[in-house]
Amino acid sequence: MSGSTFGNLFRVHTFGESHGPGLGAVVDGCPAGLRLDKSDIQKYLDRRKPGQSEITTQRKESDEVEILSGVFEGKTTGTPIGLLIRNTAQRSGDYSEIASYYRPGHADFTFDEKYGFRDYRGGGRSSGRETAGRVAAGAIAARMLQELGISVMAYTRSIGEIEIDPKAFDRDLILQTSTAMPDARADERARAYLKECMVEKDSAGGVIECRVTGLMPGIGEPVFDKLDARLAQAVMSIGAVKAVEIGDGISVTRMRGSENNDGFESYEDEGARHIRKLTNHSGGVLGGISDGSELILRAHIKPTPSIFSPQRTVNKDGENIGIEIKGRHDPVIVPRAVVVVECMTAITLADLLLANLSSRMENLRKIYTE
Amino acid sequence: MSGSTFGNLFRVHTFGESHGPGLGAVVDGCPAGLRLDKSDIQKYLDRRKPGQSEITTQRKESDEVEILSGVFEGKTTGTPIGLLIRNTAQRSGDYSEIASYYRPGHADFTFDEKYGFRDYRGGGRSSGRETAGRVAAGAIAARMLQELGISVMAYTRSIGEIEIDPKAFDRDLILQTSTAMPDARADERARAYLKECMVEKDSAGGVIECRVTGLMPGIGEPVFDKLDARLAQAVMSIGAVKAVEIGDGISVTRMRGSENNDGFESYEDEGARHIRKLTNHSGGVLGGISDGSELILRAHIKPTPSIFSPQRTVNKDGENIGIEIKGRHDPVIVPRAVVVVECMTAITLADLLLANLSSRMENLRKIYTE
Amino acid sequence: MSGSTFGNLFRVHTFGESHGPGLGAVVDGCPAGLRLDKSDIQKYLDRRKPGQSEITTQRKESDEVEILSGVFEGKTTGTPIGLLIRNTAQRSGDYSEIASYYRPGHADFTFDEKYGFRDYRGGGRSSGRETAGRVAAGAIAARMLQELGISVMAYTRSIGEIEIDPKAFDRDLILQTSTAMPDARADERARAYLKECMVEKDSAGGVIECRVTGLMPGIGEPVFDKLDARLAQAVMSIGAVKAVEIGDGISVTRMRGSENNDGFESYEDEGARHIRKLTNHSGGVLGGISDGSELILRAHIKPTPSIFSPQRTVNKDGENIGIEIKGRHDPVIVPRAVVVVECMTAITLADLLLANLSSRMENLRKIYTE
Amino acid sequence: MSGSTFGNLFRVHTFGESHGPGLGAVVDGCPAGLRLDKSDIQKYLDRRKPGQSEITTQRKESDEVEILSGVFEGKTTGTPIGLLIRNTAQRSGDYSEIASYYRPGHADFTFDEKYGFRDYRGGGRSSGRETAGRVAAGAIAARMLQELGISVMAYTRSIGEIEIDPKAFDRDLILQTSTAMPDARADERARAYLKECMVEKDSAGGVIECRVTGLMPGIGEPVFDKLDARLAQAVMSIGAVKAVEIGDGISVTRMRGSENNDGFESYEDEGARHIRKLTNHSGGVLGGISDGSELILRAHIKPTPSIFSPQRTVNKDGENIGIEIKGRHDPVIVPRAVVVVECMTAITLADLLLANLSSRMENLRKIYTE
């Protein structure tokens, strides 16, 4: 089948392995007339790049994007936007050993079972590097949302046991701290914890939170393409994510209905009456459709599976062996995955915003007969 | 757009409102030659029916399914299977009032925002009754899985604070307890808690767990149609679900890599060597592909939004009002949603099992040239 | 796979066999707020009904449609519209014989090869009766187009050698002549020819032409979902169609570029300048996108395969046998297929009209920010 | 929407404009384990290249393909295959003039109407050059078919009035004659005719025929994804195609049923009984499913719209003007489109071969439980 396509109208196809010639994406269905510059995409890719701090791998990847098509005179043309990122930093020699066994926590075993063999260099298609294509595509989605006044922001909410303090929230810190935490004190503690993990040849997990402001009500398609359902797929499809929550998430299971329901109120603004929710336990979605409140989701990410301490596994001759993984690996996936969560959220919203254009006959009349 | 289709190969389309003439599903893509009887479907629908205990609404719905097409001489023919369930118990009079305001926690407001108006009778398309179509379709998926030795089982893991004791797990109880809990003591405590909620005109949430045994490795399509990603969409698309976990789920974020990684071992069985994982923190999925272990997921469900205590909302004239909802409503959604989670899981697996047929050239050779 | 779905946004799923309980369609993605009445659909189905003249089978089928969902207070709600037509006139006894051999020109052999067995009653899913679902769905598409000032009209252009005279074209005759020819003299000659065929236990083919007026330029999606490409699929998917032409069709292959190219001119209308083509060899499509001229296509239909004269075939024991088909069969498919071509054209246009809503950023601004 | 994707399982996405950095395709869903070399693709692209004879433009395009992903150690891996062809011969200066008016017979006008503006350089996305991506992808499909013993062959059947003589058919000539005609005499006459067209600053059309041998019965999905319906879309989506025929095509409309029906016979081969058709008017398809006979289709192609004689059109200021197109243009599209028809046919078959894997439960048992 064809698992590398996401979206129905704003449609993203990705391709590429960690150590092949390159990877990228084709974005089909982006409306014509969106101002788009290479730098709009590059700045998102730069947030994903490794080698930027003591807690990410020192592997150097330039990750420079080339726009192959679909943009003319600084604007999207409505045709597919081809995006290419060349692989430059591959040192295939590093990976010759892992061809011979199944790394615990990785997809080596399942790729072999599915396809009969695998491109073992750096994890091939199952490498975290695959997300570069998503980020390039997501940057375009984010540009489109920006034009409509919608803003998507993700950040690290916790690493291991260390959680940010909502009261200390400082948006500017997201792009400044190496943990992507919007809280300087939590960042400091998390970095200390990660160094401890590294010393112990171990790794850590964490939680990414994503918030969307400016989203109009009405977005999301019942029954199966609900906003929250599509976001769940989008976010869970990121390697290492093991749980997705919307709004109050798992805590709702212990609430009473009287606590969890969000009442409504009407209010006057600039002479017109509007309706809003009194609280936002729902996280911005009711019945799978955006309700005009802030959209809130969380992705729960497992510890990096590539650890340097001894592990038990099986080699290609079927023998039980002990291994110690070598190479350059981040002790935590979370900080570099923040922009991936942001991008998958943006792609999902872009797609459902286009889908919603056909929800009412009056929209057709407005576009076609006025 | 078209949000009422799920699946690419085993494709389910649902239709129908709570109080229209009927609801149902069309299952397109079920392979020919599967033995299928009306009773195979009816027994799943019967598990979803209300009015079966003191903790579900006393509304009587017969929910009898009719197979309209696609089955001939007791076998599927490979053509679309039309499934119809007539609505018989509608008492539209009950719902005249809710046409005039937005119920907190329901989709009344968002449907109006999206479509300009709504079928307000019993929640229309956003009613929990919509899941009858999913269950009818899911029963067929489950039949198909059964033929391949795959078994899907869901149950209530917790209601409010009351959780089952894994040591007391008794599979037979799932269909016998009114909470769908596989633990008699927990069931008793949960029923007591729910009666308390009812007395207080309030409602409760809970957790459904689903386990799949017999699933071969190799199922799931990277990158976006990963097994866990598609399951996340499938399960999150069920009304009232606010979080989805795979395997160890949210708890992985506090684990170290050395704790969370599942090692591999090889062993001999009937003269052949096989590979299995030493533990199953992953919940049966690695890199989005089934790994041969038990598949485990959890759905977190919010408290029933229809509660009888006073709530604040807005009426259709834009006035802020207080309301007290009347009618027949379950104090908890969880027990009746168990079969829905099971069915959405089965549909997802059926679809990805068909998709995986084209993963290798040798499969084509086996089917077409041998 | 899933071959019973057509369209991406205005999505039609059909189901049902000739002799099962019923057949129908689910239309998912019809915008909310379209006035729709059962009679809007019934009048299209009535055009497809048999038993209405001496040149169609005398089989009586009431073909009454029931709307199961998606319409509330006389308007579409934006949710799936379930449509059911009960089979009432089945006399399965008539078909017991055909279970034992492969009818030439029918799908008996290929269904057996594909699925391993078949519902042989009346051709099962491959019966012309399958088109009832398409017509019910197409009637809704036509209603939507009508609201936007777009009109779709199909008619019989020829039967055997007898062709209509364009100068004698009388639109009103399409619904009055039993051949669906818009030319009384051609109709008379065609009926005489068909009677001759019937006497000779033989059958005839013919050509259906379809014209669309009021279609705005810009509809159709390059590269694979071009307007003409999607129409070709839509029309070729009707059983018995063996060729599809757009505009001047096959005759362009003998033209020179200077003859076939349509020049452009600008003109003034109500104070504004507009552009139009000087001729319409293209049939209303340039580069797969509507060009504002009349859209013109033709479907070429083979003679009814069920003929009463002797034929050679193979029975289920693999023996070569001679057969003489019995039963009630139209001597020509063309007249009853006219409304099917019209409906498939309408569905294709409805789908691509919705798709085109997302072609420009300015449309998003108009819907979301004004 | 998203018109640059074709296929559901063997899924081809194309991108790229005539004068941007490059164009290409992503093939998602090709089964793992197919031997594939760059030269397998290059040899198809070389057949499409211009500048190879006196009857094609002397423009030089190297059209060298790069495989970006999805192939490892000479075999497909099951992951998306990225294919890139750099544009090298662009001389944008040639096209500055056409930015200012609408060329008759081209998509300039309709792209402007759809998207608000267009990449006018060399026709942008609507250039015939777009087909390079299809050919690169189609070469992979053809490799897959070859492994299963299926062979696809297209050739020029006629140019203007000059038609090949079936008795003179010589398959080897297809790749040798500059017209791609499998008949030396017809080739000679056609070249003379084309020179005449060139002298008269005019252009010609023609017919491409495509034949598939070795195709097993059972391929094609009723109702809308019939083999012939999908082929019709595939072929009509090629720019300049105005009609598609299957088997006897338009001539069936004048046949009687007794002439057009193909009888069946059984015969013995290597001790087993088989069934075949006595004739092949159907062109290898019955009820939208392959019937085991040779598959035959024809594409009817209009004369090249870029002609050097004077034409009437409108400029961007809305003025009526006369133009004379300059530049390098083939006097006929047909010979270079032969490989495109072949490739679109191969892609369609590859996709439906994968789809058919899930037609029977016994296939699932064979793959999963044996």
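Lettered A, B, C and D in written order, each chain numbered from 1.
In this text, contacts are C-beta pairs under 8 Å (C-beta built on N, C-alpha and C of every residue); 3 or more make two chains touch, one makes a residue touch a chain.
Here the structure is a predicted model, which means the values were calculated and not measured.
The set of chains in contact with chain A as well as chain C comprises B, D.
Ranking every chain by how far its Cα centroid lies from the centroid of chain D, the top place goes to B.
Should one ask which of C-D and B-C has more C-beta pairs in contact, the pair is C-D. Averaging C-alpha coordinates per chain places the centre of chain B 38 Å away from that of chain C.
Chain C and chain D have CA centres that are 26 Å apart. Listed for chain D are residues 1-5, 8-9, 14, 29, 32-33, 78-79, 114-116, 125, 222, 355, 358-360, 362, each touching two or more other chains. Interface of chain D with chain B (complex): residues 8-10, 29, 31-34, 76, 78-79, 144, 147-149, 216, 222, 353-355, 357-369.
Contact residues on chain D toward chain A in their complex (touch as defined above): 1-5, 7-9, 11, 13-17, 20-24, 26, 28-29, 32-33, 66-70, 72, 75, 77-82, 84, 114-119, 124-125. The residues of chain D lying in touch with chain C in their complex are 1-6, 8-9, 14, 102, 104-107, 109-111, 113-116, 125-126, 130, 158, 160-161, 197, 200, 202-207, 217-226, 228-237, 239, 242-250, 252-266, 273, 275, 278, 282-283, 286-292, 300-307, 309, 311-314, 318-320, 352, 355-356, 358-360, 362.
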